[in-house]
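Got some structures for you, see below.
Below, chain A partners chain B and then partners chain C, in two separate complexes.
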Partner chain A sequence: MQRIGVFVCHCGSNIAATVDVKKVVEMVKTEPGVIHAEDYQYMCSEAGQAKIIEAVKEHKLNGLVVCSCSPRMHEATFRKCAERAGINPYMVEIANIREHCSWIHKDMDEATEKAVILARAAIAKVNLNAPLQAGESGVVKRALVIGGGIAGIQTALDIADAGFPVDIVEKEPSIGGRMSQLDKTFPTLDCSACILTPKMVEAAAHPNITIHTYSEVENVSGFVGNFTVEIRKKARSIDMDKCTGCGLCQEKCPMKKTPSEFNRGLGNRSAIYTPFAQAIPNVPVIDRNACLKFKTGKCGICSTVCAAGAIDYTQVDTMVTEKYGAIVVATGFDMIKLDKYDEYAYSQSKDVITSLELERVMNAAGPTKGHLERLSDGKAPKEIVFIQCVGSRCADGRGKGYCSKICCMYTAKHAMLIRDKYPDVNVTVFYIDVRTPGKNFDEFYRRAVENYGVNYVKGQVGKVIPQPDGKLLVQGVDLIDNKQILKEADMVVLAAAIEPNPDVRKIATMLTASIDNDNFLTEAHAKLRPVESPTAGIFLSGVCQGPKDIPETVAQAGAAAVKAIGLLAKDKLMTNPCTAKSDELLCNGCSKCANVCPYGAISYEVKEINDHGIRETRRVAQVNNALCQGCGACTVACPSGAMDLQGFSNRQIIAEVDAICR
Partner chain B sequence: MPINKEFKPKIVAFCCNWCSYAGADLAGSSRLAYPADVKIIKVPCSCRVNPMFILRAFEKGADGVIMCGCHPGDCHYSTGNYYARRRMTLLFSMLDYMGVENGRTRVEWVSAAEGVKFSTTMNEFVEKIYSLGENVRLGDLRCKK
Partner chain C sequence: MKYSYYPGCTLKTKAKDLDMYARLSAKELGFELEEIENWQCCGGVYPLGADEIGSKLSSVRALNYAKEKGQDLVTLCSACHHVIKRVNDDIKNVEDIRNRANNYMKLEEPYAGETEVLHFLEVLRDRVGFDNLKKAVKKPLTGRKIAAYYGCLLLRPSKVLAFDNPENPTIIEDFIKAIGATPVVYPYRNECCGGYISLKDGEKAQNMCEKIMESASGFGAEMLITACPLCLYNLNKCGKLPVVYFTELLAEALGIKED
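Now for the complex of A and B:
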């Protein structure tokens, strides 16, 4: 039996308003092992922790139960507190009487009764806790960044500047990501390429950064400080060392009718291509699905014209295996598909485009060389309608429930740029709300309205109807004047919702990182740990965690880098001591545990066992504590009950069950 | 069966640390109520739930046991919930055969982001247990007053 102290937290009024904390203290005093019980307003505060330390000293306690918020919040705090008080940190159990009790129940008697039961379960568990010692593991001082957009580039630069080697894995032929597709950026209206390309060059030239483009992460194993990652480098069909980036191959390629992904399908590219002129690396790839040589065996013009002899049709995918201490996910976003929003006639008219397509149209390097024109007939538009929240804030299940956050600002930017360059073009924006929080953001939006005469209409558009004369009839509503609006437009621009990159779920599964229903990666704590995944050693950068604009993305990329640097700077990490342990007297070496272990942590050893005075040589299971992650699969698979999990032992869990069902 | 108004079911919920426990936390921080009859036990992974724990709960007078884990494919330990799923399928069919109706046992996958699902699942489950009434099978007579 332990000497247990129970500490009940009021959490201000968060717990105390629904749970009678004094009664909980009284009720638990009679529980077996409880020597001391008290309550305090904020147990996690310095004063609260001092009370715990004092009580440990005064009553010679060796086990603690803290009835407070979720262990996901403050278990670490109270374990450190226990350590300071001189007892083993794993002699602490948390009874979650906030998230699992006071916050979800209204009736005080009911909530108090439940809090007592939860406390009892924790007390019963602590009575069976044993001191555990955390082991140590090393840290591979190298980071992996998945995704080479602005988030990935910034994170990699920050980590590399701190002196650690970083690898960027980018699936496209060039780094740059979405930002490289943009024309101008809000709220400063500086050109996107002008601020991005220097960073791309810096990353490429940095001695600590290795860039794997046209590559994908294929497999991840290991754990914090020691991940092993397999990277597939897709066959580029070009020898990267020989290519000089002269571009002659692209010029001479006869297959020039492939839709350019970079231009969102609005222009064409050749089968051998770099996505854009400032691509890094400036080495093309051959799209084998489009290339005549690969399709028919004839052609080979690129090989003939290449003076460097860099074309290699026989190249195959290669696998690179590398070890990393930290992994940063920066997989970014894409626009949603608009097939469920056909009322806006996106599939019916070339003149209905998404905002990202408009970026390409307005970009001097884009399909129209920066001239604003209708994509159907090349005529200059006179009337442009922007429709906001297409698929964002969508409660009907067709689109996304969340706000995409960036659309209000980029639409104001588009409207302003159009009115500035083409003052005779009328611009109308249909919006639900205009959301412009951010430094200099609202001023920017007001400039669009006040100085540039952009016509903002509060209301949604029900339908866009293509007319026989090529115009688009926009049917909307003005909620402020409460009237229907019918407007003829030459172009309609849809602010389509953004969604996480479709590949992110696959990557999250490989990393065992949590992901939400919208495919955004979940952070360890919404407020206090926004750039860390709950899975140790995995960090989140950019839109993979939630919608963000460029300034926020860069800020988060820096934060993720700092967290990764903090990890890489350590020489040793404490490992989770809640690992499996086999009782050699009970083990008969059947191998069932090793079969279910996902980490290969269990091996077998032939050992001489002293079984109650009988000496015999048997094969018994051995757990490698450095590999075991403490899932407990083996404990249930073991037919003889020899395998148990420290910190979550059979006896401990049964004690909790008994306490709850008492 | 007449509904016993005095009946306060005992319900044990096993939740994995990575998904469902966090889902329950999210239900809490979103103030999504469910009945106080549900008491959660944290386990590292749904595969840590030994069928023995569930039998023990019924023996000690539990009226329902629910196990929640990460969605298939999303297990923090890669494969744990697959083992849990198979084990529970077998156990629940055996329990049903023994007279502990299928409605008293449930497996649900709740991710860390599904506070709403956690709450609705618990509400449904508790309602089901109320409709089934007290569990009279498997209980150790020595545990009864």
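Now for the complex of A and C:
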């Protein structure tokens, strides 16, 4: 029989206002095994912990139940406290009477009854707890960064500068990401390429950084400190060692009619291409779906003109397998598709474009060489209308419920740049709210209104109507004047919502990292652990975690790097002792457990078993404790009841259920 | 293939063409429209009052008739289609309306929204198929530039009507292509004609129709087609381009229109 102490926390008034804590103490005193019970205002405080340690010594306790907040908050605190009191830390159970009880109930009698029941369940479990010892595992001193945009580049640079090797995996032919597509950045209006390119070059030249472009993560196994990752390097059809980046192949390629992804489909590229002039690496790829050689077998001009002999049509995808201690996700974002917003005539008129398309139009290397012109007829526009919140803050389910956060600022930037360069062009912005919190942000927006004469209209647009003469009629509402507006425009720019890169779902599944309803990766704690995934060893950088602008992305990238460095700097990690264990006497070697194990932690061994004096040789399951993550799937699959999870045994769980149903 | 058919009042008076050419074309295309016995007026306007039951019952009667015959229910008039489809959706999804309607109806087996409601255009698209329609056309209307006018009632609320993309519909354009003519796409094809407001404020409806007409003719249309008697009435009042029911052109293309 255990000697159990129960400690009921008031959590100020968080628990005590809804749960009668004194009554809980009285009710649990008669539970089997309970030697001592008391309550205190803040159990997690130094004084509260001192009370626990004192009680352990005084009553010779060997098991503890703390009725308090969620174990995600303070399980670690009380385990350490138990250790200080001389008890095995796995002899502690938390009854969550805050999140699961006081916070969600109003009636005191009911809440108190439920708190008692939760305490009883925890007591029943502790009665069956056994001391467990955490093992140790090593840390591979190498990090993986998935995504080579500004977030991934910054994280990689910071980790590399700390002395650890880093690999960047980028699915596009070049690193650079969304930022490389931007013309200017707010609020300083400096050229995006001018500040990004040096970082790209630095990453490429860094002795600790290896960049895999045109590559994708295909499989991830292992656990914190010891991940094994398979990376598919897609066939580039170019020998990267031979190519000199002269660009002659792209010039001579006859297939020049493929829409350029980098220019958002507004211009064309050749079948053999680098996405943009500053691409890193400056080695092209052959788009095999567009290439004449791959489609018909004829052509081969690029190979003929390549002085370096770098073209290789026979290349195949190759797989690289590498071990990492930490993984940083930096998969970024894209703009939403606008097929549900046909009222803005995006699919019907070439002169209705998205803000990212406008970035390309305004960029000197873009499809119009930086001239602001209508894409339908090349004429200079005189009236431009911007529509904000297209698909953001959407209540009807067509778009996203969240604010995309960056659109107010970049629209102010666009408006200002246009008014500055083309003073005779009128610019109107339709908005729901202007949201510009941030250093020098509101000043920036006010400059657009006050110094640059941008016409801001509070109200939404109902319809964009293409006219037979090619103009666009914008039908909207001015909420301040309370009147309908019909405005003729030459161009309409839609600030479309941003969403996480669609690939992130696949990657999150491989990493067992959790993801929210909008496909943003979830942080371990919204306030206190914002750059860590709940899955140990996985860190979050950039928009994959939530909408943010460049300065915030860079800050988060640095934070994620520091967390990864903190992990890589350790030589050993404590492992979770709550792993599966097979009872050899009961195991019949059926393989059901190995089939369901997501971590490949179960293997088989043929050995001699002494079953109550009967010696026989048979096949039995073996769990590799370093690989087992304690998910419990095998314990459910095992037909003979041989597989059990230490710390969460079948008997313990049933005892908890019995206590609840009593 | 036989369908239960709900013509509605207007198709028996002002919009006889819409009805007659639909029946003729259906026969030619190999399906039959069986007029529901003793059908009653749908009310013309979908009642938005949450406690309004009486004016939904005629729709329920028509729907239940089709259910008992084991047929889908076909409509032609946009207003009737709108009302019947929305009432059916209410019966299917709103328990209170379902219970109260059935309390009035006293049916042997309660009606719970089992009938599928199809607009004649949906029959052409989803059952006959525009490809097959194209094959059945004897006198293609080659070279005719025709603008579709959808109006509001067929498209919205889009989740219930589920007719087509409410902001960029294509079903009537596809129909126009199938009968050999050239569709003219113009942005006002899904805007309101003014509807019943023409009774109270004729000028307002007139303004709205003029915008529609101007836009259509600006993009090169020679005529408009519609499925809605009220839209046709409003549009015709403003003149400019001729407006006819889509079934009339269908009959013409099938070579069964009597001159």
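Following the convention adopted for this analysis, the second predicted complex is superposed on the first by the 637 of 662 C-alpha atoms of A that agree within 3 Å, B and C clash if a C-alpha of one lies under 4 Å from a C-alpha of the other, contacts with A are read in each partner's own complex, and residues count from 1 in each chain.
Heads up, the rule we're going with is that a contact is a pair of C-beta atoms (placed from the backbone, for glycine too) under 8 Å apart; a residue touches a chain by one contact, two chains touch by 3 or more.
Here the structure is a predicted model, which is why all the values come from computation and not from measurement.
Enquirer: More chain A residues touched by chain B or by chain C?
Expert: Counted on chain A, the partner with more touching residues turns out to be B.
Enquirer: Check the residue A:Y341 against both partner chains and state whether it touches chain B (first), chain C (second), both, or neither.
Expert: In the superposition, A:Y341 touches chain C alone.
Enquirer: Please work out whether A:Q545 is in contact with chain B alone, chain C alone, both, or neither, and reply first, second, both or neither.
Expert: Once the two structures are laid over each other on A, A:Q545 reaches no partner at all.
Enquirer: Touching A:E99 in the superposition: chain B (first), chain C (second), both, neither?
Expert: In the superposed model, A:E99 contacts chain B only, not chain C.
Enquirer: Just checking: does A:Q629 make contact with chain B only, chain C only, both, or neither of them? Give me first, second, both or neither.
Expert: In the superposition, A:Q629 contacts chain B only.
Enquirer: Quick check on the superposed pair: does A:I465 touch chain B, chain C, both, or neither? Answer first, second, both or neither.
Expert: A:I465 contacts chain C only, not chain B.
Enquirer: Given the complex with chain A, which residues does chain C contribute to the contact?
Expert: 165, 167-168, 185, 187-188, 191, 215, 218-220
Enquirer: Flag every residue of chain A that touches chain B in the complex, lowest number first.
Expert: 70-72, 96, 98-101, 103-107, 110-111, 113-114, 117-118, 121, 508-509, 512, 514-517, 522, 534-535, 578, 596, 598, 629-633, 635-637, 645, 648, 650, 653-654, 656-658, 660-662
Enquirer: Taking the complex as given, what residues does chain A use to touch chain C?
Expert: Per the touch definition, chain A meets chain C at residues 341-343, 345, 347-348, 463, 465-469.
Enquirer: Which part of chain B faces chain A closely enough to touch in the complex?
Expert: It is residues 10, 12, 18-19, 21-22, 24-25, 27-29, 31-34, 36, 39-45, 47-53, 56-57, 60-62, 73-80, 83, 87, 111-114, 119 of chain B that touch chain A.
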